[in-house]
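Below, chain A partners chain B and then partners chain C, in two separate complexes.
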Partner chain A sequence: MLKNLFNFLVFPGFLFTATLGLVASWIDRKVTARVQWRVGPPWYQPFIDMVKLSIKEITIPKNSSKIMFLISPLLGLSAVILASTFIWLANIELGATGFTGDIIVVLYLLTLPAIALILGASSTGNPLASVGVSREIKLILAYELPFIIILCVPIIKSSGLLRLQDLIQYQTVNGAILSNLSGLLAFLVAIFCMQAKLGLVPFDAGEAETEIMAGTYIEYSGILLAILKLTKFMMMVALPLFLITVFWAGFSIWKYVVLLVIIVLIRNTNPRVRIDQAVRFFWGKMTALALIAVFLAILGK
Partner chain B sequence: MSLKLGALTKSIWVYHLCTGGSCNNCDIEILDLLTPRFDVERFGIVLVGSIRHADAILVTGSLNLKAVERVKRVYEQAPKPCVVIAVGACACGQGIFANGPYTPNPVDSLLPVDLYIPGCPPKPEAMILGIVKLIAKLKGKGRE
Partner chain C sequence: MAHKIIPIGPYHPLQEEPEFFRLHVDGETVVDIDIEIGYNLRLIEKIAESKSYDQVTFLIERICGICSTSHPFAYTNAIDDLLGVTVPERALYIRTIIGELERIHSHLLWLGLAGHFLGYNTVWMWAWRYREPVLDICERITGNRNHYAMFKPGGVRRDMHEEDFPWIKKTLKDLIPKFDMFKGAVMDDPVIHARTKGIGVLTKQDVHDYSVVGPTARASGVDIDVRKDDPYGAYDRVEWKVITHNGGGVFAKAVVRILELYESTNIILQCLDKMPKGEIDLNIKDMPIGEGIGRHEAPRGEVFHYIMSDGGNSPARHKVRAPSFMNIASNKKAVIGHTISDATIILAAVDPCYCCTERTAVVDYKTGKKIMDGQDLVRLSQEKTEKMRRGR
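Moving on to the complex of A and B:
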């Protein structure tokens, strides 16, 4: 019991993943700055931002549904803590952890932050937030379909293993799923889905700063905004880690850095797509690719 | 004191409030601050889209009668502590609109302005110098 609490709150759950997430967000900002020929912020900038946000005033809008407004950031945060604890433990724990089917639980937990954001933003009663919410819902519908389809690939390849730790063990024996053609296709789709799940450019229509003024985040201030940002940064650790676990034979630091740099480069070399373009992209090309990957996996390629 | 003040002055998120009655030249000069030549993100200064995220409000332009209500409301929506910075001749002292019939209110008759950056438009260097002075002033206030 005490060990579970420690795992959840300190290592490898909340504190560890949050620190890593803040560092990842610094890498994101720094690489972005270097791509734009700027210098960029110092490494401690995200930490200062968090401290500053936590001492600012919280405003609860008059027309909002107050309990929902206050609870939903915590809902998203706890979901991402739980998901990252599961994934980390599968990677680093020596004894047996997890249970059969935890890959499905993690899949649900990784969707929860977006749902929590939708709940919170739609409870504010702000018209711009509701525009952001409608876009975010469409985006979820768009990227979840190919994301779930491609998760069938490692399960088919490993003939029905539904436990993260079993998948890693299978890959250490038989080589990474990524090294097959079907795995490679699935991983390609997964990278784009990850970009949309993180809400980064080109799929950031839900929080477009320049047109709907941060959209879903618009009414949040103070520590609630800090929690929302932290959730996003922790997703930046949890999602690449999930992909590495499922497709790339378990965690190591260079794999994570490679994925992070890919995310940042995609973010910096693309314009924001409209929401209809995003839905067409995911339900068209990406779903087709995902289905091809699944068929190849069934054929044993 | 020091942690709070240090965090507040090292991570200034700026909301850019154009009151409408301006030629937009100050706004363009403000955007210059984010370009590679000046890059104020080195000091943690970023532009934000929503007033709820702001630590500083940059007011540009002369305040006309229609804008008075809106500017007041925007200031009330900002989470405190929050500083107000008037940028450009119009926002500082009404500029060429000083005798205009539709712009009777200077910005500082409405908002507690902490820093004036004059110029038409002010150069980016002037704005950086102004922000440095503002931070020094805030820190001086903290020590007392």
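Moving on to the complex of A and C:
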């Protein structure tokens, strides 16, 4: 019991993933800055940002549904804590851990932060937030479809393993899923889905700063904003880690750094797409690619 | 059915100046737009009437920070028209060079901002980085990165030094590969195509209806450019062509501006080669009674200045019409029917500059009725003119 609590709250759950997430966000900011001929912040900048936000006043909008407004950031945070703990444990625990079907649970948990954000933003009653919410909902519908389809690929390849740790073991024996054609296709689709799940350019329509002024985040301030940001940063650890676990034979630092750099580069070499273009992209090209990957996997390629 | 209203402004990250666009939206689609300007009353024209002719050039530079030479250019053209003099040849070349340098840095600034509005911050930072050498040239020539204070009635204030020319030419030529890069980035990027092509299209008829000027009009295939249509400065002494594009949308406007970067560079290089030696100033001492108009093709379009002199030390009437005033109204046509995402880039595509566009109207808040309409203002102005004429 105590060990579980420690796992969730300190290592490898909340504290560990949060610290990693803040460091990842610093790498993101620093690389972005260097790409854009800027200097970029010092490494501790994300940490002092969090501290500063935590001691700021919280403004609760007058017409909002207050409980929803306050609870939803915590909902998103707890979901990402759970998800990251499951994924980390599958990667680092020596003994048996997890349960059959935990890949499905993690899939749900990784969707929860976005849904929590939608709940929180729609409870504010702000017109800009509602535009952000409608975009975010469309985006979830768009990227979840190919994301779920490509997760079939490792399961088919490993003939029905539904436990993260089993998948890693299967890959250490038989080589990474990624090394097959079907696995590679699925991984490519997964990278784009990950970009959308993280809400980064080109799929940041939900919080487009220059259009709807941060949309879903608009009414949040103080520690609530800090929690939302922290959730986003932790997703920046949890999602690549999930892809590495499922497609790339388990965690190692360099794999994570490669994925992070891909995320940052995509983010810095593209303009924001319109929401209808994003939906068309995911339901068209990406879903088609995902289906091809699944067929290839069934054929054993 | 009541539509939801999405406000853009008065303070919005989209634009750094106060302005207000009220987007009436149905879902994501914009069905109507209200444009409100006039948050910043500065009374430039009124202040101009209390300054000497020489001082006015400094004042009107402050109308806008980006096109800070356009207004003095048009103003000095108006003064030259009033005086009926020909400015020394060398001064004309210097004026042209400053005007074109300003066009280059203004277009680069717009390009960066357009990237920012599309969420493409890398383009923003890169465009502004390559704007720096242009500002360096301005600093070398005039002593200032902006607000050059180069123009004066009857000439220019400072001479250019021949020993700087090789450095200026080299810096400009080094910029051309960078322009190529931006051209490639805009014309070859499929995502930029998807976001900008066919968005916010103004037809030739719309350009005519809304009296749109500058690159906004040229992007709709309308060949309008004061530099060509009514040459002034040294524009008729160098070889260049007016850039037009038939697309009419945001993409066309970007292409027109990027291609104009090459033309401006070309004009400056030719001016540096052809510039004659000689006087740069007529040293005008007296102003006759009369009136004059001056026009200049600012980076955003035609800027128009009217000067009326009563023979005194300062203008009796100074009227400014800036290009954004004409262009912003065309948003009404361009934005409706597009989504909110597109609306922001369409609003930005005319390269709006609100500080030169502020106008005042007196409106009764409760009834929404204008207390002073156009007719009243015309009458007021006629009465004032009559009063001045009698006073003389």
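By definition in this document, the second predicted complex is superposed on the first by the 301 of 301 C-alpha atoms of A that agree within 3 Å, B and C clash if a C-alpha of one lies under 4 Å from a C-alpha of the other, contacts with A are read in each partner's own complex, and residues count from 1 in each chain.
Assume a contact is a pair of C-beta atoms (placed from the backbone, for glycine too) under 8 Å apart; a residue touches a chain by one contact, two chains touch by 3 or more.
This structure is a prediction, so every number in the text was calculated from the model and none was measured.
Asker: Is A:209 touching the first partner chain B, the second partner chain C, both, or neither of them?
Answerer: Both partners, chain B and chain C.
Asker: Examine A:134 and indicate which partner it touches, taking first as chain B and second as chain C; both and neither are also allowed.
Answerer: Touch partner of A:134: chain C, not chain B.
Asker: For A:37, using the defined touch cut-off, is the partner it touches chain B, chain C, both, or neither? Pick first, second, both or neither.
Answerer: It touches chain B and chain C both.
Asker: Looking at the overlay, what does A:298 touch: chain B (first), chain C (second), both, or neither?
Answerer: Neither partner.
Asker: Of the two partner chains, chain B (first) and chain C (second), which one does A:52 touch, if any: first, second, both, or neither?
Answerer: A:52: touches chain B, not chain C.
Asker: Which chain A residues contact chain B in one complex and chain C in the other?
Answerer: After superposing on chain A, chain A residues 36-38, 209-210, 213 contact both chain B and chain C.
Asker: Mind pulling up the chain A residues that touch chain C in the complex?
Answerer: On the chain A side, the touching residues are 32, 35-38, 127-128, 130-131, 134-135, 201-202, 204-205, 208-213, 268-277.
Asker: Could you please specify the touching residues of chain C with respect to chain A in the complex?
Answerer: 4-7, 12-14, 25, 27-28, 115-126, 129, 189, 191-192, 194-195, 339-344
Asker: Could you list, by residue number, the parts of chain B that touch chain A in their complex?
Answerer: Per the stated touch rule, the residues are 3-4, 6-8, 10-11, 35-36, 39, 41-44, 48-50, 52-53, 55, 77, 79-81.
Asker: Okay, in this complex, where on chain A does chain B touch?
Answerer: 29, 33, 36-42, 45, 48-49, 51-52, 55-59, 209-210, 213-214, 217-222, 225
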